[in-house]
Structures are given as structure tokens and as C-alpha cells.
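Both complexes below contain chain A, partnered by chain B and then by chain C.
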Partner chain A sequence: MNSSDTPAAADASASPEPRHGWRLFSIWIVLSVAACLVIWFVWYPHMPPGRMSSSAASEQFDIAVLSVSAAPVIIGVLLYFVYAIVVWRARPGDEGDGPPIYGNTKVAATWIIGTTMIVGWLFIFGTVELVVPAGAGAGEGPSPIFKLAGTQAAAWTPGGSDMLQVQVIGQQWMWTYRYPQFGGMESTVLDLPVNTPIEFHVTSLDVIHSFWAYKLGVKADANPDVDNVAYTTAKATGGFEVRCSELCGIWHGAMYNSGTVLSQSAFQTWAAGVQSKEHSEGVLAALPTYALTYDPTVIPQLGKNIVQVDGITGAAGYYYGSGDPVTP
Partner chain B sequence: MAIEIQPERADPTGGGPAIIGAGRPWWRRFGVHTGLIVAVAGYFLGHWLGNFLGGGYFRSSLADTNDVALVLGYAGATIGWLVGLGVFNDLFLMLAGKPLREESRLLGVQEPGPAKYFRYTLDHKVVGIQYLYGMIVYFLTGGLFAMAIRSELLSPTYHLMGPEQYLMVVGEHGTMMMMMMSSVVLGPFGQYFGPLLIGSKRVAFPRLEALGFWLTVPSYFILLSAVLMGGFPTGWTGYEPLATQATQGEDAYFFAFGLMGISMILAGFNMIVTIINYRAPGMRWSRLPAFVWSMFTVSFLQVLAVPVLVGACYMALMDRTFQTAFFTNQLGGSSFLYEDLFWFFGHPEVYILALPGFGIIAEIISVFCRKPLFGYKVSVAGMVGVGLMSFLVWQHHLFDSGINPDMRPLFMLTTEVISIPTGFIFLVAMGTFWKARIRFSIPMLFALAFYFNFLIGGISGVFLSDVPADTTEHGSFFVMAHFHYTIMGGLIFAFFAGIYYWLPKMTGIKLNERLGKIQFWTMFIFFNTTFLPLFALGMMGMPRRVFEYARSMETLNDWVSISAFCLGVSILIFVINFVMSMTFWREAEVGNPWRARSLEWQLPTPPPPENFRRVPVILASPYDYGIPDALPVADFNPPPGVIGAAYAPASGRVEG
Partner chain C sequence: MSVVARAAALIVAFLCVVGLGAFVAVYYIGSATTQLPIIHYTASGGQVSVVLQEDAQNDSTTRPDWVTYYTQDPSTKQWVHTTLFSVPANTKVNVTIYGFDGCTPLRNNYFSEVQGTLGGTVTVSQFDQHGKEYVTDKPMSVINSWSDCNVGHTFAIPDLGVFVPVASPNAQLSANDLCGTSPCTTSGNPYARETFSFMSPSQTGTYRWQCLIPCGGGFLDGNGGPMQTLGWMMGEMDVVSA
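After this line comes the complex of A and B, so read on.
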């Protein structure tokens, strides 16, 4: 921001020359204002990751605010360099040296105070934006301090302020979602109700994965033996994709599936349907008991699908057969 | 192990030791050929020992070979390589109680011909040239892997390589660039010009320095050997427990990275002690060139941060071989521990990569603006500040990991604070450009591009420091674009600036200017067309290190790949220029082509074996451009007695 102040102060001695400082400053003001207006009013509504959930909207807001803060800095520095290249290039045949300016305390102090103020602003803004939207969709570890409001209930009912708990289980190389409020039923499709506070419990059975629901603005690492909690509230219905964003082995690139944000009643119907189907097929009984953290060593063996060597799951190991859990 | 300082010689025209090695053909002396032979023997010895010791340790029934044997094989090969090179010759002589041969102290110093570059030599200028060639080879290798990655990403599904090969290529590219390129400036230019710029005849620990280079060679080959075993699936970060699960290529990764870490620590120690103790009289801290300051700061980062990496690599190797469980959650370890150790090294590492660039560029802009460096102290404070802060930010790599989330505001603050000292670097540049007489030589073009690229890289870093914005950007192509802007756009551009600037001094040969300009413009344009769209791809939701991506991103990915190939062509232009200029055209440049004031350019080209006939007395700052009656930077032939007086203790401070 204060890039244009640099010349302004150093300019004092050279009166016959054009007033570089004022020139730069006026071009900079015009360009910066124009850029900020364009960013805020034209670009912001289209910025990633969209507004499908509360956390996505807050991320979009942050990215827009950061862009507006960054644009004047980028424009100031680039403008200065372009100006310097054009105005202060050595003319052909000029073998002389430039003026011996060793420094300028005023300019340096202005610059340092300016950058410090920008940093202070970014820190306060970022902290508020982290605390207020309950962790902004990022994984907050097993005991989150920035919590989303909502009542914890053993069963989820539409229309109330009940928190929907979803356990996200990563393994090489698939995501499984478990809904403890629906009898612990599991699905490979992440369906969620709209306008409901959602609490993800992200964990892994083998290596580190990262649960990334891009449109929901949620990202939380899935660590073995760790319950990583993240919050969001979906604001619009529609489909979204879930990807793994932490390198987890050779099929990392293919580790994705999808989900849908449904209306609350449609979600209730879907979840109850999957629950009764899995119950009638005996799948629920075969699944390990629900826990907020999974310890693979205590999961009862399902047939002969577990491959364990020295307490570590081998690359070819998997806990659930390809048919389990049933995809509705 | 210390070597006595070469005594001042009364006879300025010579009288040094006789040219050594005369009389013995090259194959009868220690060199890479003997090193190679003993290394192969060492590998088999280590492998046999590993099978003997650890034959019962099979980490996983999925692996049919023994990790212990492989790791000990690598260790045997490394030690064998060093023994074969003659690194320990003096040590053995001392252990045997025999006097050291005079020639061993001066290995390579005065020997004519190129043979000295293939031996363990104790002359920092020879080591610098060795580093230069080594780093170019390592850089090109890493670059070829990058071309392979972009070929695969031409299509949204995997087509050229299977997923395993793809991850192998990604891991080799990342590790090659991150670990080998940490010495890309410190190695060639730091070792060569460090002593010259401070007016020293030598470095403090020439053996450590040379060892530092010769360790990069086995780490390069060991890292590449992972290719023979299917590579390693963890990328350059080697996250646990994936790394414990991986096949034997992972051993190569950890061993090579740890070995390179040792090389960096040794180089750092040598540089710190040299800069503190070997400055010429009058070379005060306030006259130290900015490049030397950057070397000094980076060396501290290396000495303080890299041991953490070496420890982490060692623990990971133990996990994989002798079944310790430092990083296995189920057995009482923690995968978070590895993430913390790795990034505690990893964040200083990125400044190990960035800071030497700041230093080179500061030298270059002063010369080509024909102005003193604006705010020299601010520049130094910037580099030292970045170095200090770099130890306090590592958790920002783990914002989403679930480790200690309460600390996120703090690490957000420290990460943003680091942009203040980084801003100093820009302040210095902009002040130096103010009313300058800018000469657009090739080094200056690279310097200008450095500021452009580093600005974008730095600003995108601020986006990543903000936790909510980071939730979208973390682990995506956005991060990838960010650090390519800072490291390739910063460090590698600075490296090329350094080559064009200093090669005439190192070799007496100038690179072709026309090809140089073509290289610069193609590299600058295609670098930006390659990496700018990657910010967009990351924001659109493309994770790193994937071989499959949404079909809607294919057009942009194809654009990036084609740009990347053009970027490869620009590097190829450099290679052609370098090879042709060095071997065929050989356009001589022995003077001071840039009319630079700094110490190294006042010496004859190439610099004499002992750099300075007498220890010079530094009279002025290297940046006093524009002052008509500026003192010369140094008195190269100080009257007898001056040096003695300068070294004598001040009166009243007599020891006793």
C-alpha cells in the first residue's frame, strides 16, 4: 500500500525532475480502486468455493477480502517496477552512476509501519473469521474449541436444531460415511440435510488422508486413531464431490466419491431407508461398534478380509469387503 | 584436523608448493573411479551384513526383500565411496602415526587440467565448480521428472503411466528439487565466492566443505535408485504411516534425504565459521556484502533445522528396518510426530531455498542500478528476520491436520509476520531502483523477474496463512503454484542470474548473450503461463499429486502442460548455451565486465590458487556506486605491518 510513499519521501531534493512520487501515487490510487471494485463486485460472487454451505461462504468471503487487500500491494509494487524500468533505464551511451542514496529512514519507517498494519489487520480479520464460523470448516482435532451451535441428540429429527453427526472414515482408497444417529448405518454416499448444523468426525483406518468436500468448504485430515472434528451447515441443496487431498498411496488420485445435500425430509427418508435395508441384510450387525475413534486392532474380523502384519495394515489390506457397506 | 593458515610469502611471484600430482597418472590416484569401485564393494558388504543381521526382520509379508540389508547396503556404499575418494586418507595416516604428506593439504589447489574436479579437493574454488556442475545435473534430472508429470496430466485419466509410476515420478521430482536444490546457490556461489567476498584465502574447514559436496553425489544416486524399486508413494514429504507401509523405494528416500541433510549441516558449519573468523581486516559486519549475509543466515538455518530432518529420517528408517514404532499410532507412536518433525525442518528449508536468492539479487541490482544498495541494514534485518521467524511458523502446514488446533491463530500471526521482513527485501529493491541508471544485462533481467515472481509467490502465501482461505487452498494445486513461484520463480531465477553474473569470474568464459536473452524471455513467459493457471486449478478444487482430475479442468491442464514443455525448452536453451559456450565458443571474459565494485571482481580471472597474494585490507563498502571519490574497496597490497596491527589485541586487553 505504502509502496508509492517510497518515492514521495525520497523526492525532496530533485526539483527539476518530474514529481515521480505524485505521479506514481495517483496512478496507483486509480488502478487500486478500480481493481478493488472489480474484485468485490464482479469477481467475488464467482469466487471459489461458492456459497453452498456456511463454511464455504465464509471461505469465499475471506478469499475476496484477502484479494481486495492484496490487489493494491501487487499493483503498487508492479507499478513501481514498471515505472522504474521505463523512467530510470540507462540511456544508450550513459556510463554514469546513479545518485548515492544509502537509505531513507522516513521511507523505511513508513514501509515497516505500513506492512505491520496490514499484517495486524490480516491477523485480526483471520482470527475473527476462524472463531465466528466455528473453525471455518477446517479440522479442529478431537476437542474443538470453536463449536457450532446445535443440540447433541441420540436421534436426529428434521425441523429441530439437532446436530447431525457424520463419521467420515478414510481408508485406502475410499471414503465411508457412518451416521450414528441412524443406528450406525454406513454409506459410500455422503447425503446431508440442508440448513442443519453438521458435525463431521473424520478418522482413518490406515494412513493419513484428508477429507475435502470442496463445495461444502470442509477440509480435515483423516489420521489413524484420531477424531478430527469439523463443522458446517449446508445452505443449498445439490450435489458435491468429496476428494482426498493428502497423498495416501498409489490410488490417491482415484479416491473420491460424491454426496448430495437434500431437503431435511428427503434426507430423513433416505437415511431411515438405508438403515432398515442394512439392518435387514445383517450388515449393521456385522459392522464394528460405533466409536468416535477407530482402532483397527479391535475391529472384529469380518471374514478373512483383514490383512494385518505386525499390527499394521498392509497396502493390500482392507477392512470391509467391496460389497460392504451396501450402497443404497 | 585443522590445517595451518598458509604463511604469507615474501616472494609475490611464486614460491608456492610445486605442482602436485605430477608423475602419477590420474588412475593411480584417489578419485571418483576409486570411489566408485569401493562404493560398489561397500554396498555388497553392507547388503550381506544386513541379511546376516536382519534376515529375520521382515517388515511386511508383502515385501519379499529385507529393508535392513538395503539400508546397510546404502550405508556401506556411502562409506565406501568416501573411503575410495580418499576422504579419510589423512585420518588413516594420523591414526597410523605417520606424517601427513604435504600434497594432501593442498590437493587440487594448483593442479592444472580438469582432473582435479573429479577428486576430493580442499580448494573452495574447485568445490564451487564441482557444486555448479553437480547442481545443474540434479536440477535437470528433477526437471525431466516434471516434464513427465505434466505429460501424464495432459489427460484427466491415467494414460502414460500407471498410478505407481506417476507417484514415483512425483516423489522423485519433489525430493530432487527440494533436497538437492537447497544447495543450488549455497553450493556453487556460496562456496566459491564466500571466501573471496570476505577477503579470505580459504575456508575454515575445507575438508568438511569438500565432504559436503561429495555427499550430494551418493544422495543423488541413492534417491534415483528408488526408481529401480518402484519409487516411493509419499511425495517429497514422506508422511507416516504411509511411508512405513511403502515398499523399499522409501528406504532410498529416507536415506538419501538424511544424507543430503548431513551435507547441508556440514556446509553450514563451514560457512558460519568461515564468515565469522576469516574476514579480512576491515571487513566489518557492516561492510559484509548482502550475499554473504544471506549465506550466513542460511547456514544458521541449516545447522539448526536440518538436524531435525536427519533425526526424523533416521527414526523413520528405524521404523522400517528394526521395527521401532516412532510413527505408528497403533503401537504407541504418532504420525503427528513425523509431521511436526518434518515441518519443523520443512519450513526453515523453504527459506534455506529462498534466502540465497535474496542475497544474489541484492548484489546484482546494486551493480546494474549503479547505485548503493538502498537500506543495507534493512536488507540484513530482512534476511535475519526471515531466518528467525522461519522457525516459528511450521504449524501452518498442519492447519487442517487436527494437531493442536487452538494454536492456529498464533501460527496464522507468525506466518503473516514473516511477510514483514520479506517486505524489507522489496523495500530495498524499490529504494535501489529509485532514480537509478538501470542496465538490462541478463543477470538484471533475471533479477527483475525474481521480484515479479516472488511478489506473486509471497502474496499467495498470505492467502495460505489465513485459516479459512487455507481450508480451500490447503493440499491443492494452489499451494503447489505458490511454492513454485517462490522456489522456482525465486531461487532458480536467482540461480540463473548468478550463473550469468559470476560464470565469467569462475571460468573466464562468458555465456552467449543472445541465447541468454532468448532463454530469459522464454523462461519468464512460460514460467508464468505454467504456474499462474495452477492457482486457478487449485481454487477450482484440484488436489495435489493426483493423476485423475475432473474432466472440466482438462483444457486448463493441457494449457499448463504445453507451457511446461515450453519452459523445458527454455532450460534446454540454457543447456545448449552452457555446453557450447564452455566447450566450443569459449568467448573469453577476463576483466570486470559489469564494472562491479565488490571484492571478487577486483581479482584476476580466474582467481589465483590462494585468492589473495596477501590478505587484503578492506577500505570501503562494496556498494559505493555514484561517489566520484569513493575509496577502492580494498588495498590488495597493504604495507607490511598493517595486517599484524589489525590482528593485534587492542591495548589494555592483554590476555592473562
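After this line comes the complex of A and C, so read on.
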């Protein structure tokens, strides 16, 4: 409606304009509080990835807080949208414009203050959450800014405060896991002790993979020649699945295996048993010395590049030399 | 044009595009898999015998220099260039693999360990090109691919926890005189014969199997070509109702 086109006589007879701002605010505050209560008390306990580990619980908390933060914004936008359609829609014969808002200090101040508060809150919350939980589940490097949840030691025993080191090795299309504190033994299953800080060292022997233990809330890229470090502490016993989350070839979708969070004593028994078996069978001796990354073109025991090893001819007469083309 | 007519035209156009995409996908993806024959192994006395061979080359016209597996048809005893086979569920699967290809080191030597077979071992024999058997039915739980030249490829079914290093003819003892015409025969060629058994799962379905040695010569890191193509160094084992 264009006020300049409206006769004074008509203004006098028209019903007073309702206080749209207060009406919108009232509806918005009721809906927002209701939505936040539903999110926090009904949805939050069931949000992925669950609470199997410290990082998973932290991620669940973050998602819940961000959902609560986003709900009033979404409700505000949709409410304004619906309200405008219903209340401010153009009636038949109404060819006028609405009142101009340019220069409306109240609207401008509300917008600037509101968006500043939202962005500031997200900045502060996000920054704190990257530091406080001692590991957000992603690769954070060997010297993170937060205080490690345990101490780094050459050995691990149940009941101590030492971190368990686990090396995650990706290759097309398998995950294997080395335990340097158990003689460097290797396994195709990822077993972990409960209530123990874990230090994952993630690397790859060929292309880029991504280690994703979804229920543990850990996801870290596995790059060749890179030691990507991620931290978590398993808080509950049970099984979980490990998947690759980086497209890595035709069987990427099948690159998964499983793991179990065990009691500390059960884990100790399992790990020592695997170490003993691999030692007696000669597997440990066949493995390269534990290192943070590996060069698969070198056989460590022989100290030679693979193509230099006498007698090893490989498929089609050779291995994979540096001169190999990327495509056939 | 009315709104209804425009909406109808858009829906028809959308369905045409989706249908065309589905046709192309089914035509090419479907043909890529159905061109490969599937070898069906049926149980006898509660067991099946799967026989494979691995060659450094093959008899195809398109990729003759690709390393490959062959599967033996149990009825005709002919070697078929495929890596698709089926076995009954919950059945003892006896596998024999003839290794005609030379040795290649594992990228991760952990897979030198035999895993998932009955007894945790394989039985290995190696022959030179004159038929002389210099290793005879040797049970092994580890075939170290780094310490000597004795592993050609691997046979792995990750979902079943089966990881088997497959012996190659020893390059030095066989003077590197490897089979050059596929499918290879045991006469006049050095080879290794490896046998092992595992139980097929009770759950029917398709289980992928693959080689874990990057043996795709000519491809980056040896991981392309035959390593990523059904019918060559990777395949599928269909587990069907017994």
C-alpha cells in the first residue's frame, strides 16, 4: 500500500495497523523455544555418531548445539516468509508498494546486531570445541594445540595413563592396523581398549584414502608418505565399522572392515596373543621396522629398491618403475 | 502454453533424461559384467574344487600383456578367461592355484601371512620348466615375499578374512623361463601349485576377491589396469544356495 495515494478520509476509517513486529516476535519465540527443547531433549540423545568415544560424543554435542543455534534462525526466516505471504499479500486491485524500509534504523540495527551475534557465537563455539575436547576426531598432527589425554610411552599396559598408539595403513582396498607397543604386530581388525586415549597414526601405501571409524567419531585422510595423527578415547565397549571415505578406485565401496572396543584386560590378551602368534610364525620378522610412513618401493630388510633386487622380475618382467606412465 | 501443459512437458522431459541415463548405465555397466562367463562349481560330498591359474599375459586381443587369472571349467577342464565363479553356501571350498607368473614383492608384506584358510596354511609345490619338483607339498603359514622370490600374486576375499599369498615358480631356479603363451600348461613351463581350503559362508551373496600385489605393469604404482578390472586380477565369488 502506498500511503501517499491514500485519502485522509479513508485513513481515519481504516482499522489500526497491528504491531507486526511484536506479533512476529511472539510467534517466533514460542516456536523457537519449543524447537530447541525438542532438539535438545528428544533428538540430541539419538544424533549420530553416538557416544562411543570422546570425539563421537563431542561431535554429537556440537551437532546438537549447532542445531539449537540454527533452529531459531530457520524458524525466523520461514515464519517471516509465511507471515508475509499471509498477511502482506497483495489483495485484488492493490497495485501499491509497501512502506519503504531504507533508512529504518531499527531494522538495520536489528539485522547488524543479530548477524554479528550469530557469527560471533559460531566463531567462539567452534574455536573452543576444536581445543577443549582434546581432539575433534580429525587429523590434528603429532603436536596438537590441546593437552593430550594421556602420556606417550613405548609400552602400554592396562590401567595406566599411557596412550595406545595404533597405525592405520590404507592400501587398495584394505585397511590394516599396526600396534607399535606390541612389537609392531599387524592386524586386519581394529581392536581397542575402552577408556584409553588412542593415538591413531594414519598413512597409505598407495593412493589417498580416508580412515573413517564412524561410531568412534574419527575421520582422517590417509596420504602416502604422510603421518596423519588423530586422537580419541573409546568410552563404551562394542563393535564398530571402519570405512574409506575417499574415492580410491573401483573397490572403494568395499574398502571396509570392523573393529571392537574391548575391556582393557581383554584387549591386552588379544594384542599379546596376536603378537605372540605373529612372532612364532615369522610374520613380525617379515614386516618392516615400524615407521610413521613407508616407502613401498623399498624392501627394508634388504635395504634395496625393489627394482634393484636381483631375481625379482615381477609381472610382465618388471615392477613399477618411475618411468611408468600414468595411463596405459 | 498453460501452467499444466508446461508442467507436463517438464515432467516428460525429465523422465526422458532419466530414462536415457538409466539405459546407458544399464547397457554399459550391465554389458561390462555380463560379458564375463561365470564358472559354476557344484558340491560333491560337501566340497567343491575351484581351480585357477595366474599368467603374466593372456590370450585376449585387446589387452594381451595384462597379467590375469584364469578359471577352470569343472566340466570341460578348459581354462576360461574369467574371474567370476560360484560356489554353494556353507561348503568346504578346496582351491588349487597354478602360479605361472614370476614373483613380485608385496606392497604390505603383512599379507605374506596365510589367513582365513582351514588350518591357517597352504600347501606349496614348485616345479621348473623340466617338470622337476624342487618343493613338494610343503605346508606353509607364511610365504615371505620380501626374503625370496617366491610370491607371484595373492588371492584375497576380504569379507571372509581369506588372505593367501600365491607362490610363484622360483625365478632363479627356473632360470626365469616363464610361460609365454596363455592359458599356460604345466608341460614345459615352470610353475607353482598351491592348494588350500576355506569354508564358504552360510550367507549367499557376491563376495569380491582380489590380488593385493600391485601387478598392473605400466600403470601408476602398479594399481591400475588388470588390478581394477573384473576378469583379470580381481573377481567375484557368488555364494549360492547349496
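Going forward, the second predicted complex is superposed on the first by the 266 of 328 C-alpha atoms of A that agree within 3 Å, B and C clash if a C-alpha of one lies under 4 Å from a C-alpha of the other, contacts with A are read in each partner's own complex, and residues count from 1 in each chain.
Methods note: a residue touches a chain if its C-beta (ideal position, glycine included) is under 8 Å from a C-beta of that chain, and two chains touch if they have at least 3 such contacts.
None of the values given here were measured: they were computed from a predicted structure.
Novice: Kindly classify A:N257 by the partners it touches after superposition: chain B alone (first), chain C alone (second), both, or neither?
Specialist: second
Novice: Touching A:V77 in the superposition: chain B (first), chain C (second), both, neither?
Specialist: first
Novice: First (chain B), second (chain C), both or neither: which does A:G126 touch?
Specialist: Only chain B is touched by A:G126; chain C is not.
Novice: So, does A:I169 touch the first partner chain B, the second partner chain C, both, or neither?
Specialist: second
Novice: Which partner does A:R89 reach: the first (chain B), the second (chain C), both, or neither?
Specialist: First partner only, chain B.
Novice: With the two complexes superposed on chain A, say which partner A:S245 touches: chain B (first), chain C (second), both, or neither.
Specialist: First partner only, chain B.
Novice: Go through the superposed model and pick first if A:D206 touches only chain B, second if only chain C, both, or neither.
Specialist: Both partners, chain B and chain C.
Novice: Tell me which of chain B and chain C touches more residues of chain A.
Specialist: The partner with more contacted residues on chain A is B.
Novice: After lining up the shared chain so the two structures overlap, which partner does A:L31 touch, if you call chain B first and chain C second: first, second, both or neither?
Specialist: The answer is neither, since A:L31 touches no partner chain.
Novice: Please indicate which partner A:A136 is in contact with in the superposed arrangement: first for chain B, second for chain C, both, or neither.
Specialist: So A:A136 only meets chain B here.
Novice: Residue by residue on chain A, keep only those touching chain B in one complex and chain C in the other, then list them.
Specialist: 206-207, 249-251, 254, 296, 309, 311-316
Novice: Where on chain A is chain B touching in the complex?
Specialist: 3, 6-7, 10, 14, 17, 20, 47-49, 55, 58-59, 62-63, 66, 70, 73-74, 77-78, 80-81, 84-85, 88-90, 94, 96-104, 107-108, 111-112, 115-116, 119, 122-123, 125-127, 129-131, 133, 135-142, 144-145, 202, 206-208, 210, 212, 214-215, 217-221, 223-226, 228, 241, 243-254, 295-297, 309-316
Novice: Help me check something: in the complex, which residues belonging to chain C touch chain A?
Specialist: 56-57, 65, 67, 101-105, 107-110, 112-113, 115, 141-142, 144, 146-147, 149, 152-153, 156, 158-159, 161, 163, 171-172, 176, 208, 210, 212-225, 227-229, 234
Novice: Enumerate the contact residues on chain A facing chain C in the complex.
Specialist: On the chain A side, the touching residues are 169, 171-174, 176, 186, 188, 205-207, 249-251, 254, 257, 278, 281-283, 286-288, 296, 299, 301-302, 306, 309, 311-320, 324-328.
Novice: Provide the residue numbers of chain B that touch chain A in the complex, in ascending order.
Specialist: For this pair, the touching residues of chain B are 59-62, 158, 162-164, 166-167, 233-235, 237, 239-242, 244-246, 323, 328-331, 335-336, 369-372, 374-378, 398-406, 408-409, 412-413, 416-417, 419-420, 423-424, 426-427, 430-431, 433-440, 448, 451-452, 455-456, 459, 462-463, 465-472, 474-476, 539-541, 543-550, 624-627.
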